[in-house]
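By letter and in written order, the chains are A, B, C and D; residue numbering begins at 1 in each of them.
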Amino acid sequence: MKRVVVKMRKSATKLEVAQALRLMECRNLEARFVNHPDGCMVVAEGEVRDLSWLEDLAGVEEVVETKSAFPLASLDVRTTPTTVSLAPGVWIGGGEVAVIAGPCAVEDRDQILTTAESVKASGAKALRGGAYKPRTNPYSFQGLGSEGISLLEEARSLTGLPIVTEVMAPEDVEWLLPHVDVFQVGSRNMQNFSLLKTLGRVDKPVLLKRGMMATIDEWLQAAEYVLAGGNSNVILCERGIRCFEKRTRNVLDLSAVPLIKSLSHLPIVVDPSHGTGCRNLVPSMSLAAIAAGADGLIVEVHPNPEKALSDGDQSLTLSEFALLMEAVRQLASVLPGRAKEEVLCSSASVA
Amino acid sequence: MKRVVVKMRKSATKLEVAQALRLMECRNLEARFVNHPDGCMVVAEGEVRDLSWLEDLAGVEEVVETKSAFPLASLDVRTTPTTVSLAPGVWIGGGEVAVIAGPCAVEDRDQILTTAESVKASGAKALRGGAYKPRTNPYSFQGLGSEGISLLEEARSLTGLPIVTEVMAPEDVEWLLPHVDVFQVGSRNMQNFSLLKTLGRVDKPVLLKRGMMATIDEWLQAAEYVLAGGNSNVILCERGIRCFEKRTRNVLDLSAVPLIKSLSHLPIVVDPSHGTGCRNLVPSMSLAAIAAGADGLIVEVHPNPEKALSDGDQSLTLSEFALLMEAVRQLASVLPGRAKEEVLCSSASVA
Amino acid sequence: MKRVVVKMRKSATKLEVAQALRLMECRNLEARFVNHPDGCMVVAEGEVRDLSWLEDLAGVEEVVETKSAFPLASLDVRTTPTTVSLAPGVWIGGGEVAVIAGPCAVEDRDQILTTAESVKASGAKALRGGAYKPRTNPYSFQGLGSEGISLLEEARSLTGLPIVTEVMAPEDVEWLLPHVDVFQVGSRNMQNFSLLKTLGRVDKPVLLKRGMMATIDEWLQAAEYVLAGGNSNVILCERGIRCFEKRTRNVLDLSAVPLIKSLSHLPIVVDPSHGTGCRNLVPSMSLAAIAAGADGLIVEVHPNPEKALSDGDQSLTLSEFALLMEAVRQLASVLPGRAKEEVLCSSASVA
Amino acid sequence: MKRVVVKMRKSATKLEVAQALRLMECRNLEARFVNHPDGCMVVAEGEVRDLSWLEDLAGVEEVVETKSAFPLASLDVRTTPTTVSLAPGVWIGGGEVAVIAGPCAVEDRDQILTTAESVKASGAKALRGGAYKPRTNPYSFQGLGSEGISLLEEARSLTGLPIVTEVMAPEDVEWLLPHVDVFQVGSRNMQNFSLLKTLGRVDKPVLLKRGMMATIDEWLQAAEYVLAGGNSNVILCERGIRCFEKRTRNVLDLSAVPLIKSLSHLPIVVDPSHGTGCRNLVPSMSLAAIAAGADGLIVEVHPNPEKALSDGDQSLTLSEFALLMEAVRQLASVLPGRAKEEVLCSSASVA
């Protein structure tokens, strides 16, 4: 049983791709076409001894054999780090530190606009905010829904910040598509395969949170679902795993950062808010995440955390966030491999 | 902040129910109507001191104050154990031990029909089999889909066994509804709230597996999503939680059985196959589950486990299952609170 | 690198054993002499190709090659289940169900004598009670110490029940030796290797609790420390592992019971008191443990749990324990492989 | 039930301390004398309403009421960070970053001397090396014992580095006392209360590793055992907790660093070697630990990791360690609250 990735030439015609696919299927390889940003690819599996005939097919550039369970996400297929663009001039990956900030849930117009303006001024590159909230209890506040999306769009108009928001069901993807900049997949949905497949068919970035119970390998295979569908704009997000410790909401597994870097070309950001559940631990863990090599952070910020409808305990105030951003900038400037002068500055030009 | 469940009289008119709802909302109670099998109910929450006016509303039978996060699933609202009917003459709960058996995945016609006939002969009450499989890897066998459903229906025609099969996405519920007897929600989807809400609106039973990293309280709140939607036919299924031990796939948490019994009226079955991941541990853990008070088992059985496309290591052969059923019958006959003569016999009359 | 167990003949002289040891060391095998109940043995490891010369040594009966990390505890070296004698006529292992009962800690004369008489009357085979308590907090009650040991001895005189008590430090083993019948090693000390080595040199049984964080393999290797020292009277005790669930103190991993049976000849008992931390879960989990194949139980019982100095929440009252013993007897009588007529009756003749 | 810490004046006479103790006991307070570095203290517990009489006792400076389960380790009793001296001019805590480095186990003279000289040159402040090794398997290399201690002393003579080595049993403490500079308590012994009590009576620092399944509160209570014995030179060490992830040996819980800082005055170092089990993750996690606020690191270094008798996979080479130290220095220089010019330089003057 072998797994191969057949990379097609950029110049390959549709016919050549279709013929390659058919020939592989004829030889009992289970083949799957992927519209990868590096060019068309076919991921194939099966019982074959000799693979040289594949290299001879018209339009084929290279045949990569792989043992990886997540070939498209692995370094076997792409060796350079992926940079995901959130909006013109705003991207994640590639040496800079990007910070996404905002409230857990969009609660009202004033809350989201105030937060957006403030986090923008402090240096955030994108605005987070939930309109559809996955809540453990059916009677808890479930988010403002489409009204929340409209408020996020208003905040984007005001500040220029792209918006990151959670999508919970495959049937919501289509209508949300024109409104959001990044689809967030929450921890509880990391293995909602129906949702992942749907997001594989869109062209907007996906921020894929690690399941609270997921191993690194399961997480990368979840990402592979999106990549295999043809959407290679996946940003991984470590947000803590479940453990026995009771003082923190989760255990933030920062070793995931260098591990992901050693296994995959995908960028990874860290969520110290859910990762700890405690506001006073967020700054230290944010700095630790960046020192560990994270491509960015996603941080919960609220103008008045005591009155937040959800996650108040783990949200920073606007001024706490401003202080954090200063420390982040200072730290990022001395870390090896970070383009010092550019760090955190790309959104400045938007103002 | 108080939570109350307002039980309406069976004789209450639609108008009375609507008026009660409206009055609660006028007094700033967040109220939610539930079409409960014990009669219509309204679950309401809010800041009120005095609740006596609720009791005086037309059509109201009783007002139950509760601190439970899952009032409809709790013993506060219903004190007698719920019995869920799978098919005429086949039910789960109420003192008997019911066994659901079958392969992990429907693989072909011969496999599912052979298994169905054999487990029926051994005393199983229902047939399990996956047509849509949630697979960690996107390139793994994903199930036969609608073809698998047809084969399950053929097996039902042949044996009379109701069929239990997994549903993975809300958009599949509607078309599956006329074909399946029990909707299974898998461990990875326990907090797929969109799916749970959809299943709350159908009238077929839901077998809700515990998430591999879910607490008992999170599990019961997931059940509450289905109940709050109006579908009270929920069967809980303990299937092991994730842990550090490497010899077993999961740790089967049998204390969940008496715990659930002390917190809820819902029936609970145990899945020793996923709970251990090892065929040779299945019989002991099946007996242990029943001794702990489980209402039944769901067991993976395959005519040829070595050739199974998934979960072969944890599947019993047909003859191992027959032996297990004998031991289960013998054990169930001596346990307190089990109606000895009836145990496991209800399906006998179908033959 | 090979690991072998060299079994010496019962008739082998001391000289033959010494010569065998020396020759193995000459050939660069790291050899370790063990005074095993089945006869003298030498466990040896090293880089050798041919082992036939070992079989030709004077006094050697058999050479067993093994890949097990715990050869003496494994089924490679001993295929029949080990029965451990606690006192004349009282043993654990071998098909019967033996129950050890008593308070968490010995608190005063009245408490321990009352408990001992009552659990004896209900059918317990041994009395548990802590005189030296491992407490998380340095300011908590640490046990009565030597005074507690004297009270346990008085209880033994009164009832004939052998006593099981915890030893926490290697330096206590020697003075405790004439006073106790079974040394209990607590969960926190499962890998206190200094303690395990000391207990390997005594001839009293050791009840080795599984560490709250220990895998099955680590646990069996801890047992191997005792066996390799020459003491083969080890009883394993599953008492729950630490997990994320908050409703129970630990997760009682009953799959450990059939797993241990498939890997080792040592007997295993289950502690449902620490395993759950909740009195009302103890009866169900006791029955489940026995159905899973456990050789016995160790249960916390207190005349007045509300006033217990430790573990009151998980202790049964005297009458609850009497009811549990009835259910245990009934269950054990129908399980396969249990000698029905003898179950739980061996202590009856003492009365 | 109240818990108080009675601080005595520095000028208090022995008689005054003895009288205070006696009076507390007379009033049914359970009182315990502690020879604390801030002066003598009495920790007392009991049922009293009014505590003003305590303040009036001769020699009493202050009475602190506390709800903490670890009063001496808490910020209630001491608000300034504790600095622990390892040797003249070498300390842990107080704003600098101190790095302890060396092999898992002392293997031979050449290995330990080479390592000591090299890590000294790279800027390490202390040398680690195990002579008594806690090994899961009884047949594994158990360390060189007293010979290893002699080799460590030779390395100290050569380099001036104080030595940190593990002690596994209370009976070893006395003879090791004149030979070692810091007693390390391993993860498996974190709740070996007999060992902790013995170490409470010596005047050398104790490096207390977190148990692999210990909560923060259990860990601080283990430290309290040492403090309550009169030894306040405790250094905490986070070394990873056990979890389900299989790619790493443990999950390094860096949130422990800011959590400990918010709960205790004791210094905390981080062990990224055991915390990850993978050499290539050690540098990133070292930097992350320091960014999180750790007072130092303890890192495994070996001249030839491939040939190491234990933990080779997680040991850095000498040159990898040198590179790490450069990065550590650079990072520490920009972090807030670090005395930049002094960072990592205290040992330079020894050369």
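Rule of thumb we're sticking to: a contact is a pair of C-beta atoms (placed from the backbone, for glycine too) under 8 Å apart; a residue touches a chain by one contact, two chains touch by 3 or more.
The model shown is predicted, which means the values in this text are computed figures rather than measured ones.
Between the chain pairs A-C and A-D, more C-beta pairs are in contact across A-D. Taking the options B-D, A-B or A-D in turn, the interface that duplicates B-C in more than half of its contact pairs by residue number is A-D. Centre-to-centre spacing of subunit A and subunit C amounts to 50 Å, using the average Cα coordinate of each chain. Taking the mean of the C-alpha atoms as each chain's centre, subunit C and subunit D sit 34 Å apart.
Put simply, the C-alpha centre of subunit A and that of subunit D have 39 angstrom between them. Residue numbers of subunit D whose C-beta contacts span two or more other chains: 213, 242-244, 246.
Remark: subunit D residues 213, 215-217, 241, 243-248, 251-255, 257-259, 262, 275-276, 280-281, 284-285, 287-293, 327, 330-331, 333-336 touch subunit A in the complex. Per the touch definition, subunit C reaches subunit A in the complex via residues 242-244, 246. Against subunit B, in their complex, subunit A makes its touches with residues 3, 30, 32, 43, 45, 69-70, 134-139, 168-171, 188-189, 191-195, 212-213, 218, 221-222, 224-225, 228, 242.
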